[in-house]
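Common to both upcoming complexes is chain A, partnered first by chain B, then by chain C.
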Partner chain A sequence: MSKQTWLKNASFTELTPRERLDALLGGSSRELLGPFARVSSPWLALQGLMAQTDDGVIVGTGVFAERPMVVAAIEPAFEGGSIGEVGGTKIATMLELAAESCRDGVPIAALLLIESGGVRLGEANLGLSAIARIQRAIVALRQLAPVVALVAGPTGCFGGMSLAVELCSQIVGTKHGRLGMNGPEVIEQEAGADEIDSTDRRQIWKLIGCEARLRDGFIDFLAEDTAESVATELQKAFECPLRSPQRIADAYQRLLQLREAQRGQDESNSARSYAKSNEQIDTEGQRL
Partner chain B sequence: MTERGRAGRWLELLSYGPVRTVFHTPSVLCSEVKVGKRTALGLAIVPDAEALMPRARHGEMGLEQAWALSAYLRSWLDEQRRLGLRSPVLAIVDTPGQAFGRLEEQLCISAACASAVDAYVAAHEAGHPLLTLVVGRAISGSFLAHGLQGDRILALDVDDVLMHAMSEQSIARITRRTVDEVREASSKVAPMSYSIAEAYRLGIVHKLIECGNAEQPTAVDVATVRTELDSALASIDDGYVPSLTGNPLREATLTVERRLREEWKASERWAHAG
Partner chain C sequence: MEEFRMTFPASQRVRRRAHVGVVSSGDLELLLEPGNADEAIVVVQTKVSGYRKIWETLLKRFFERHAFIVSVEIRDGGATPGTVWLRLEQGMELAVEDRADE
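Now for the complex of A and B:
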């Protein structure tokens, strides 16, 4: 079996970020500022932590569905896919370069493969600052060319990076992906174990998994766990017309919906339907 | 201090008109603030003991706050466009963080906060100068959604004014360290520090403002803040963009930018040749 055939048929979510890019972009992908450039975090060593020479973020260029694009993929095996100064600046700069190219008359889209815990806590404020810059760059590029995020899982997308993903033109997920602001462990820490059981994986996927997010309109496409299906859904995402993403644009409607759901009921609609979904999940299998 | 919290108090002190709630949301306040010769839209997220969502009653950025903030900014931007105006926006910041809760996650607080970020960036792109004044806690997702998109971030130089991504306890748990280890790291590693002075050294905060007591400011404190807001706005209007060049703490950022641009140029040549 050739490498490409193997990549196409394998479980996509079991692939490393570079394999994922390979499977989607084939020979067209070119990494920029790769591990041999040896640009790593200056902050981790100060804390006795091992740095990585690509800072866990792979960026480059490639062609997908006949469109030239900048690509970024995050390595969740390094520091939980967290965003520090170096990795965050890599992603932001690529998006800025793509926007500059669009303004120069050469349209370049963006594909972001996100598996991220959010801000790297060991670089806290610089991580936040880098994510703010990524967010600004996504909004700027989104008006010129499609910016598509893939949350394949199983790490998923949390913290400031979940905001960044929600800012993208289109979001594709798989049922192994999840998207939330605060990870279950953080909620348990800050709000108590009664609020959420961070060890109950099925409950968590039911709550913030990509299937639930698709149902509620917070992501746009759901793919099967193969490179072929992911590529098909991504292609649909790139073909969508350019416009502000409705999932975040209708803020006033969302506010009214929230009040309607919460007001006048001690046991809110959403809380009750949540309890119901708790009963259901025990009968359903979950891979992870 | 008033029940409106520190951010609400500063908004009151700086504004010349009445402070109003936004879309019947007592935890999201707005008013008109004179900055230089212009009228800015002042915005603050404040505590409300009776807020709709129980986990957003102490000044947190919750679902209701983020959607209301975003909705209001959007409608204000529409009106400004109709009137042909590009008034400045002033975000006043003191929030303990985003709301942590199961319901918040279920209803996708990520999208709510992203919507607020989107509105601030839209304001910036439409030519509205964005000013941020940190008077208390500037934390994580709530700061991303309200303040961190500012063209100029000013902060009171007071001990309890701070910036961070997460509480010490949560960092300890998530990174499998003890709280003491986290404290030690925060004291040694500039971006991990909670101190606003370190955020200034890193170039994230653009101006530190001397202030006696952020909780109970004197008339002199308020006047100083006004002067600093005026000059920050003037420098934005002059088209001055703060640069990190020469900041030794930001060498990594500058290296990534420079080398990526070099490789990008080289690969463009390669692509055209091919």
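Now for the complex of A and C:
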């Protein structure tokens, strides 16, 4: 059995990030700043942690569905797929360069394979600032070319990176993936096991699994756990017309409905605070 | 955290560099490059201190069986000797395999 046949039929979520890129892009994928470039986090050793030579982030270029694109994949096994200064900067710079190329008349799309617990707490503001840069870069690029995110595996996508994913043009998930702001483990640790039992997989996936997220309009496509199915759904995602994500418009609509509902409920409350929050919602809406 | 460098006699050449594994609990990251002269150079960085003797024994035995002239860098997240051996074999396999595209 050739490597490509094996990759096609294997469980997609059990592949390493490099194998996933291989399975989707075939021979066209080319890694940039790979492990031998030895661009790793300078902060981990100071905390007694072992750094990895690619900082857990693989970036490169490739062709998918006949479109040239930049690609990134996060290694969830390294530090929970957390985003530190180096890994975050790799993704952000890649997206910024793609946008620059689009403005120069050579359209480059982006494919982000995101499995991340969010910011790497040990790199604090540097990680947060890198995530902010990623988010800004996604918003800039999605006006010029499709930016598609894939949330495949059980590590899921949380914190700042869940916000980054929601900013993308389209989001594809598999039923093994999960997506949310605070992960169940964090909620349990902070609010107790009565609030949520993070070991109750059935309940967790019913709440924040990608199947539930598709139903509730937080992602756009759901794939089976094979490279072939993932590729099919990604292809649909890249073929969508270029416009501001429908999810965001829908979320804005939901906010408006909430405002109406709340207005009916609390007629007696101070009108001024409503006027103020309405104003906020309107400015947000215009910005979107 | 501990770091050490070891050399072993070697005689066979490899074709290319290879990268396998990941720094995570029970695993390691291994970077392998074709070496110079007649030796294998291994630099180990490990999270778990106090096991130098075991590393030495394992690596000595490995390079007696697979005497490749390589420069190896290991970043260990606490791999068991069995995992270390498998990762080394995996790296060597990638470094010597025939490829259609070459």
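As a convention for this text, the second predicted complex is superposed on the first by the 252 of 288 C-alpha atoms of A that agree within 3 Å, B and C clash if a C-alpha of one lies under 4 Å from a C-alpha of the other, contacts with A are read in each partner's own complex, and residues count from 1 in each chain.
Keep this in mind: a contact is a pair of C-beta atoms (placed from the backbone, for glycine too) under 8 Å apart; a residue touches a chain by one contact, two chains touch by 3 or more.
Quantities reported herein were computed from a predicted structural model and do not represent experimental measurements.
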Problem set entry | Clash-or-fit label for the pair chain B, chain C on chain A | fit
Exercise. In the superposed arrangement, which partner chain does A:141 touch: chain B (first), chain C (second), both, or neither?
Worked result: neither
For this session: Name the chain, either chain B or chain C, that contacts more residues of chain A.
Result: B
Problem set entry | Partner chain in contact with A:36 - chain B first, chain C second, else both or neither | second
For this session: Based on the superposed arrangement, let me know which partner A:95 touches: chain B (first), chain C (second), both, or neither?
Result: neither
For this session: Please work out whether A:75 is in contact with chain B alone, chain C alone, both, or neither, and reply first, second, both or neither.
Result: second
Exercise. Between chain B (first) and chain C (second), which, if any, makes contact with A:21: first, second, both or neither?
Worked result: neither
Exercise. Which partner does A:112 contact after superposing on A: first (chain B), second (chain C), both, neither?
Worked result: neither
For this session: Considering only the touch criterion stated at the top, classify A:185 as touching first (chain B), second (chain C), both, or neither.
Result: first
Exercise. Of the two partner chains, chain B (first) and chain C (second), which one does A:51 touch, if any: first, second, both, or neither?
Worked result: second
For this session: Aligned on chain A, what is the least Cα gap between chain B and chain C? Give it in whole Å.
Result: 12
Seminar exercise, completed: Within the complex, chain B is touched by chain A residues 30, 32-33, 37, 39, 41-43, 46-47, 59, 61, 85-86, 89-90, 93-94, 97, 117, 119, 121-132, 135-136, 139-140, 159-160, 162-167, 179-183, 185-187, 189-191, 195-196, 207-208, 212-213, 216, 218, 244, 247-249, 251-252, 254-255, 258-259, 261-263, 268, 270-271, 274
Problem set entry | chain A-facing residues of chain C, complex | 1, 17, 19, 22-24, 27, 29, 31, 33, 45-47, 75-77, 101
Seminar exercise, completed: Seen from chain B, its contact residues with chain A in the complex are 23, 25, 52-53, 55, 63-64, 67-68, 70-71, 74-75, 98, 100-119, 121-122, 124-125, 140-141, 143-145, 148-149, 163-167, 169-171, 173-175, 185, 188-193, 198-199, 202, 204, 250-253, 255-257, 259-261, 263-264, 267, 271
For this session: Over in the complex, which chain A residues touch chain C? Could you list them?
Result: 16, 27, 34-36, 45, 48-53, 56, 75, 77-79
